[in-house]
Amino acid sequence: MTLSKQEWIDLEKKAAELRELCIETVNWAGSGHWGGSSSCADILTLLYYKYANFDPKNPTDPDRDRIVVSKGHVGIVLAPMFALLGLVKKEDLKTFNHTGSKLGIHLDSNKVVGLDSSTGSLGHGSSLGLGMALAGQILGKNYKTFVVLGDGECDEGSVWEAAMATAHFTKKKRGAGNLITIVDRNHNMIDGNTEDIMALEPFEDKWKAFGFETIVVNGHDIPALSDALEKAIAGGEKPYCIIADTVKGQGVSFSAGNYKWHYGALDEAKYNTAKADLAEYAKIRIARAEKEGK
Amino acid sequence: MAKTVVTTQSDRYATGIFLYSAVPLIKVICESEPQFGDKFKGKSFVFQVSAKDSEAEGTGKLATHFVINDGVWTTFPGVVHEKPDVELAFPSLRKFVVFFSGKGMPLPKIKGLFKFGLLIPLLGPLLRMAKLMQSKDKPTLLSDQIMLCKLFLYLLPSGISRLNKMGHPDVKAVTETSPDRAYALIIENYPDLQSWIRVKGGKSMSGRGEYKRCKPFLAMKFKDPSLALDILMSKADMVKYIELGNLFVDGAPEFAGTVGALMFKVAYYAQGQYLDVEK
Amino acid sequence: MAGGITFTAVESTKLAPAEIFGKTIAELGSSDPTIVCLSPDLATSTKMGDFLAKYPDRFFNVGIAEQNMIGIAAGMAKAGLKPFASCFSVFASLRALDQLHTDVCYQNVNVKIIATHGGTSFGQAGSTHHAIEDIGVVRTMVNLTVICPADGMETANAVRAAASTPGPFYIRINRGFDNVVYNSSDYGFEVGKAVEMVDGTDITLIACGSCVYQAMQAASILKFDHKLSARVLNMHTIKPIDREAVLKAVRETRKLVTIEDHTIVGGLGSAVAEVIVEGGKACLLRKLGIPDKWSPIGLHEDLLAHHEIDAEGIVKNVLEVMKQDIEKDEDWGDEV
């Protein structure tokens, strides 16, 4: 384990804070993509707080690491993330999805400072991230680019065009090795389980066949995910793809693992249940950190 | 054994080119070169070149005649004059073609041989044309090069148009499917040395000098008369000349081949090549 | 005499827009280190060879993947580069449209698309490779400047303007040969400003791309054969369109014909029509282009003639328009 006990505990608290602010934002917005937002909350926490070289006080630093959240429909967790980083006013979260708000389902990189790319049409992020990685080498910079993909998104052919090119340009030493792909493998898409709708398995084999070094890891296990990211950041001959095994709607009893919670609205009872569930979920995870941390 | 030469369709195409496109060049020589033209000053007469053709209605011959009025020439291509003062009369289309293409010297019957002392002045431009056009080698004098270029440039579009008007299938195939387009031959810096052919839906017309309606659809622009003759006399490779900048194709390059093929078609008859091929 | 020639005339292709683009981008690349070039297996066809030879580290062949190319270009632009991505117009505008829309135009990034083989210029390849909808499609993209240069020199100007102006550009050029309109690039090219090629008072011909040359020849024929005075506007920038030039033409000639190697739905003609109807002045517009039909296969010049967007086709249509009334009073009988 590379994380110290204190770091782990702190990150658990940050992740809990993010999930909580996310469910609040769903409540303010009236509805939202809670399922896929909660499944990637730990990934985002680790990237923005720990592994990406990203200073919220200097969010446009040309030397910063880039983060492209290709599954762009999770604005409802990204906006709270930026709020926690101080790049979005917390008050603005209350306007999320409201007419005239600068925040909506898919965030606009021209409105949210620090967001490296607008996304929304699925399957674009890998190409965008690859472009950023290739540009880094030309500009003489050594930043990393992280691309967070949804698993259902990998139905899109353009993901694989980009995957092929990433491996190719890594081999050609054009800078693509600085691109790290993280798939939020929450197993669900709008209409059901990925394997029912459009089977992805053998998913890891696909990435391997495209020339990637793969790491399959529990996407809600902070130390395990940390180890995976450290390994990917250290890099190697091939580009890295971390397949983060996650639970859609994680942390809330009625949504965890339920594909129907891709997008949904909370009534008062559900909101209260969600809040209570998230608090309990955070407690369990922090307790584990305190017990197992070193 | 006396040979009976049957007049072929190719003889007819060749005759058409000579009567309408080549023989009229006599006037061009007289107008361009005073040493020939001046000899007709003060003279008025009708000069005709004809060939016997059993299929020709009425007169039984095909002809082109010139009316020279005090040294000023007017051409009547393809028109038979009933009483020319001087006439070169060939006994057949084949002999007419053989003579004008330089493949042989079947002398015509010359009518008005001694009339007004016209024969010597007339032989001048005729021999000038023959010497220039039938030579295998490019002339060395610039003035000769210019004259020969002019003859070629005036002959070719006119010859193509004649073949079209006579219904030559290869030429028709091009003109019938063609929108209104003009193809020009141009020698740069010599305003006289230009000619063009305009085609449209099976119709064709040729002209001398600049094509004035608009820029031609395609123009083959030669850098100078000498370089032009290299191409016109098949002394040089066209693609290579384009690469060297000796020839500039102004227009869609795909169509340069079309013009080239049609020019070749004229040469096939005008140089009597068909006489060797179609034995 | 020579004949039976099938070749690519070197002298002509030296002036072909794609060649000029290749030379221009290689030249710009030396002074601007942020310029990079991308190609989907078309470096040869899109004439990026000079750039590749000079700056191999700044050239990316992404394989046959236009969507990926445009996405990568957007990512590069986000990071501070100035990518020039070139592919066939039909794929730049349709295959990669989603990326053009979201990654490039929505984010308003500095991606310059050189869309080659525009219109029916890749005639023999048939409708899968004809780009007859691209202008109509891409001019609906917010933030995108759309230029359709008349020839090689104008392509050089457009590429230079794109390099020096922030934001996304779509520059549509043809395959191979194009008739030369400008002998030098020094004629006052300005993005969004039409160039008056010929002044005239009877009718205005508004053209873009290879049709500019055709319109100029048509004006010559109209004058020579019919004593008509036709104005010719080179509307190289389709977006933003030069509203003033259009409205001036409406005021001064009342009759207009647009000519484009593009479907008459949504392209230059539609853009001009949009300006005209807002101008509030009665006039008559005929849109020439590909008439909402799939084009036949053939040589580009033949297809221009087929679609009556060559000089003679324009003349034919102008003569018809000249006979048309702008406002026809149907019945002069007195009411009883």
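Letters are used for the chains, namely A, B and C, taken in the order the chains are written, and counting of residues starts over at 1 for each.
Here is the rule we go by: a contact is a pair of C-beta atoms (placed from the backbone, for glycine too) under 8 Å apart; a residue touches a chain by one contact, two chains touch by 3 or more.
Keep in mind that this is a model prediction, so the values were computed, not measured.
Of all chains, B has its CA centroid at the greatest distance from the CA centroid of chain A. Think of the whole protein's Cα atoms as having one middle point; the chain whose own Cα middle lies nearest to it is C. Between chain A and chain C, the centres computed from C-alpha atoms are 42 Å apart. Mean C-alpha position of chain A lies 82 Å from that of chain B. The set of chain A residues that touch two or more partner chains is empty. By the touch rule above, chain B contacts chain C in their complex via residues 152, 156, 179-181, 200, 212-215, 217, 231-234, 237-239, 242-243, 245, 248-257, 260-267. Every residue of chain C that touches chain A in the complex is listed here, in rising order: 34, 36, 57-58, 60, 62-63, 65, 67-81, 83, 98-99, 101-103, 106-108.
Across the complex, chain C meets chain B through its residues 1-13, 177, 179-180, 216-218, 220-221, 224-225, 299-302, 305, 310-313. Of all residues in chain A, only 62, 66, 68, 108-110, 116-121, 124, 126-136, 138-139, 157-158, 161-162, 164-165, 168-169, 174 touch chain C in the complex they form.
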